[in-house]
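First the structure, which I've put down as structure tokens, then a few questions once you've had a look.
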Amino acid sequence: MNHIRVGIVGLGRLGKIHATNIARNIPGATLQAACSIVEAELEFARNELGVEETYQTFEEMVDSPNVDAVCIVSPSGFHPEQIQLAMEKGLHVFCEKPIGLEIEDIEKTIEVIDNHPDQVFQLGFMRRYDESYQYAKKLVDDGELGELTVIRCYGIDPSSGLESFVKFAGASNSGGLFADMSIHDIDLVRWFSKKEVSRVWAMGKNAAYPELDQVNELETGAAMMQLEDQTMAILVAGRNAAHGYHVETELIGTKGMIRIAAVPEKNLVSVFNENGAVRPTSQNFPERFQQAFQNEMKEFISCIREKRQPEVSAYDGLQSTIVAKACQQSVDTKGLIEIESAKIFS
Amino acid sequence: MNHIRVGIVGLGRLGKIHATNIARNIPGATLQAACSIVEAELEFARNELGVEETYQTFEEMVDSPNVDAVCIVSPSGFHPEQIQLAMEKGLHVFCEKPIGLEIEDIEKTIEVIDNHPDQVFQLGFMRRYDESYQYAKKLVDDGELGELTVIRCYGIDPSSGLESFVKFAGASNSGGLFADMSIHDIDLVRWFSKKEVSRVWAMGKNAAYPELDQVNELETGAAMMQLEDQTMAILVAGRNAAHGYHVETELIGTKGMIRIAAVPEKNLVSVFNENGAVRPTSQNFPERFQQAFQNEMKEFISCIREKRQPEVSAYDGLQSTIVAKACQQSVDTKGLIEIESAKIFS
Amino acid sequence: MNHIRVGIVGLGRLGKIHATNIARNIPGATLQAACSIVEAELEFARNELGVEETYQTFEEMVDSPNVDAVCIVSPSGFHPEQIQLAMEKGLHVFCEKPIGLEIEDIEKTIEVIDNHPDQVFQLGFMRRYDESYQYAKKLVDDGELGELTVIRCYGIDPSSGLESFVKFAGASNSGGLFADMSIHDIDLVRWFSKKEVSRVWAMGKNAAYPELDQVNELETGAAMMQLEDQTMAILVAGRNAAHGYHVETELIGTKGMIRIAAVPEKNLVSVFNENGAVRPTSQNFPERFQQAFQNEMKEFISCIREKRQPEVSAYDGLQSTIVAKACQQSVDTKGLIEIESAKIFS
Amino acid sequence: MNHIRVGIVGLGRLGKIHATNIARNIPGATLQAACSIVEAELEFARNELGVEETYQTFEEMVDSPNVDAVCIVSPSGFHPEQIQLAMEKGLHVFCEKPIGLEIEDIEKTIEVIDNHPDQVFQLGFMRRYDESYQYAKKLVDDGELGELTVIRCYGIDPSSGLESFVKFAGASNSGGLFADMSIHDIDLVRWFSKKEVSRVWAMGKNAAYPELDQVNELETGAAMMQLEDQTMAILVAGRNAAHGYHVETELIGTKGMIRIAAVPEKNLVSVFNENGAVRPTSQNFPERFQQAFQNEMKEFISCIREKRQPEVSAYDGLQSTIVAKACQQSVDTKGLIEIESAKIFS
């Protein structure tokens, strides 16, 4: 069987991970083309990964007759038009979250996706492909926890990046803490519970860098959600974990509890020294989700070969963005937010 | 120096713990008297603990010329009048939480306590005297965590008691999940943060026993709180932990995080068997807080001897009850609750 | 019932622990007398613990008509004659390990003990009274592990004391690493397995302070033992644990494994900071075995009251010393040591 | 650059792992040929992995002009002649441990290897390529532990395979517990310490299946070793871990300790249920060392491309076998074994 030839757009930190995986670690895939406005990134693609075709515009890349699928890792604002264009060119699409920054753009993009049911569309919710999450998901689906009552998700970035974030917080626009950091967690809440979020209250506090108040950004935030069946969800998002990259998920059910990465253990090593008994911790998302990034891309290629759609859909992307925006709205208004808008899709 | 002679009222499960500690484990204290309407409990006091004076009414006991202090472990509804009576008789008072079921009663009781400043009054917030909590408190107060941003408290009773709770839920009145289970957690939030709670949203779900809906009780609940300085607090309360008695507290600050009993380890033993690597867990509050119950009583006796008041005051009891009631009000009204009433005291 | 009146000899670090427990924490016991050649220690006994009778010689103390039992915490060389004298005076005896430095002295002392069967004799193997060890012992005796095949015991003192040890290693005589550090572990091997040790090979290495080679002392050592039923035992003893006081025991059986204090956790607190996920660790034996020291003394008093002998006997002390000496002999001769001598007693 | 074309011999459990990795997961490698006397295994290679050339004899496969390198996963007895033949045919060789069953065969094979210095030879000590072991190795080499004093290695297979082992123990010949199970651990001892083993004492116990005594096999064994610089090494090997596949390594040094997989955690999930707080455990070597098997093969391919030899040499294989045989000799003779023979090579 011929290799699936993938073209990638965006070769930043995460783009390089996807590009390297496609070039080296995904059986049956070839990194055929790369697109970036940064020449150094294209050189990386050519020299390090042996990419044959490099482009400065996405439009050129999707016109290449040698590209079967695209992997979109460009800035989020470009996602809707790039997804739509690739779909209309007959290509399969893997796109990093989110589908878009605005609900309207996402809805319009979903329409285009829905009009091309024979092309694979997959959104980059890689946590679903992490082996620990998959192990937990199976336990939940097998009923080992009984009925879920509480889901708690933490997503906290390492302190090491905070100073830089603060420096550029005014100029760039993260979309807000919850859209930036919690969208994966919101997807997990929906994935594990199979329910939608009905109401949310969210808040935040800037303690290390109070100046973030001025640019409407948050260092640490918390949200509590009620799902449509009364299940409770609790989210903590942050940018200031001294010990590294803390992504933790807890599921409480009537028959037991599960915690995924309660300690974000780097590996199987424990060190006993003058600090006590120490478990080194994951320092960033490439380290923590290395395998998950490979697994999701393998799934994308398998879906193309096997002519099926992945479990994670564009609709999942829409719903997670709606909830993330409701969190931000709650922070802005200091009130409870009822979530209604999604219902037209369900 | 003479022993402090204590009279205890209430010899149920927790009463027996306090009585046994006073009789055997608290240097400088004697269990002089016991009061109960249950004759078997008085027999226990006489035969097992060697108590010389037993009474059927609290009024009689506080009239004994041999009693210096009382330990109140009666049903919560009796607390206000028993505290007041003991205070007026010139006795030192240790009282289990809460001070009373209604805010008005508590406020009135505090007035009486305030009128007797030379007598010790201590409320049974024993967690403050647990060595793990004290270790954590010192780290926080020493600034090891920087400024606190999030406090998370879990208080979940073991599943083993749930069936019985459901059976009697209609007849008895627990005061609601948050008043019953979270008052210790609310005290911890205030103790660690040194701040008051401003706003709260709470909810619950009955999954194992949906019939609890009918009697307005909850199997599991969650509350999110905003403190006066924007610090966030998250509470989960429940009656259905399959693995035992799960009391866990987390403190997130700008410089680090602490977790107290993230795994409610029973002891230092790990078992490796067909289930995997197992840490046995605490099964109930007497097991988990055995030392804390002794420590708080030692502190009570020390305060009497050293003519000082303990750190935990009647005002702490008032504030915790106000917040617990706000949680219940939020569940009942499904809305955000602003907490104003406490401010008159601060 | 009258209190058991105890006289203590030796008020050093461990002596103070026992003295304080007897004075304050053991129901039914009174610290009646104290004996030391150090005046400051007697002052401590009088002023801090309210001891009425203080003596400079053991002979005087055991002549007091007010003493029912003695607690011997003097230097090990004095143990045999003090035990014998107390026994002959009709007193109950609690003695710290070992019974004596030489096998002959121990054997002679056991004869005296055996001639006074109505007096309680207890040896200070406090680990048997630690709740984690008791929990493990019950699992083993209940057959949860099947038949034991391997027992591993670590006893490593904190690095903080090593420099001082090295300084005085030439002048004092520790009896050797295994007699000094492993005797508790040897007792655990015998207690859990209910078998005697047949053969042993031991060795050591001085890495941090090679000068210990000159005074025939060891910083770290290991011993492997074969028990009479082929069960294997592994011991590591040391004086140089950077993280604190590391006492760990492992039991491997045909149905499972148990580890006691695999991580010597100080309490239930975890700290997440720039070092990773940290469990603070026990720093010394008073901290780790605080409860065990109280429990063993409670057992001693209970045995006196209930006219029975404790589980841990003088014979246990003899056997552990024999094995510890065999370890040292193995280090000295670099060969395997067969243990025969104990059999005359069994 | 052209792909390295690999031919594999042996497609049993471990052979399938290597074959699948070479076919799918190793950039720059192609699984060109497969050799087996089992037709079903060749079908697997053709159908599942798309292998073009399949052979029934190793001689035929190494004659193929399309094969650059071989991966030997045949029964251990065939290793020496297959290595030698491949070397003489000018092929690079990756061989599973051990190099051979007899020291003489290994020495002769090493001579052949040494005569072909431009061809890569790598032995399958995959643990060196596991990320946890590599993390630990770096800490040790960076001096974080100071000087090593004790190394402890556990290698215990899951109970699930024991019954089958017992059934066939008489007919097959495992080479003995230490050769079968401990050779990886012996390599770790040498790798971490950079020292050779001088003396060893080993023993074993058959408790679950005493009938293993009759066929000179062991269910569980222990060995203690003294290295040339007095460093101590402790090995436990077994076939009866109820909780799964327990490979654990500990390094004690003058400045700290490290444990690798003290709990052989399956993933990052913790389950809290009626058993307590449970960490699911690794169940077998393919699960535990999945990444290590890929990493070692990547290293093999890289060595070929970069014209260098891997860190793990044929000499490492010889030394580990010598020590494993000394352990078995110690069990057989019940005595201490001095290891001299290796010195001619060092």
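Read from first to last, the chains carry the letters A, B, C and D; within each, the first residue is number 1.
Methods note: a contact is a pair of C-beta atoms (placed from the backbone, for glycine too) under 8 Å apart; a residue touches a chain by one contact, two chains touch by 3 or more.
Note that the structure is predicted; figures quoted are calculated from it, not measured.
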(request) Please state whether A-D or A-C has more C-beta contact pairs across its interface. (result) A-D
(request) Report back the single chain whose CA centre is most distant from the CA centre of chain D. (result) B
(request) Between chain A and chain C, tell me the centre distance in angstrom, where each centre is the average of that chain's C-alpha atoms. (result) 56
(message) What's the distance between the Cα centroids of chain C and chain D, rounded to whole Å?
(response) 42
(request) Give, as an integer number of Å, the spacing between the C-alpha centres of chain D and chain A. (result) 38
(message) Give me the residue numbers in chain A that touch at least two other chains, ranges are fine.
(response) 241-243, 246, 255-257, 262, 264-266, 270-274, 280
(message) Applying the document's contact rule, which stretches of chain A touch chain B when the two form their complex?
(response) 146-150, 152, 201, 203-205, 207-208, 219-224, 226, 229-232, 234, 236, 238, 240-243, 246, 252-257, 262, 335-336
(request) Within their complex, state which residues of chain A touch chain D. (result) 23-25, 27, 131-132, 135-136, 139, 144, 255-262, 264-274, 280
(message) Touching residues of chain C toward chain A in the complex: what are they?
(response) 241-244, 246, 263-266, 270-281
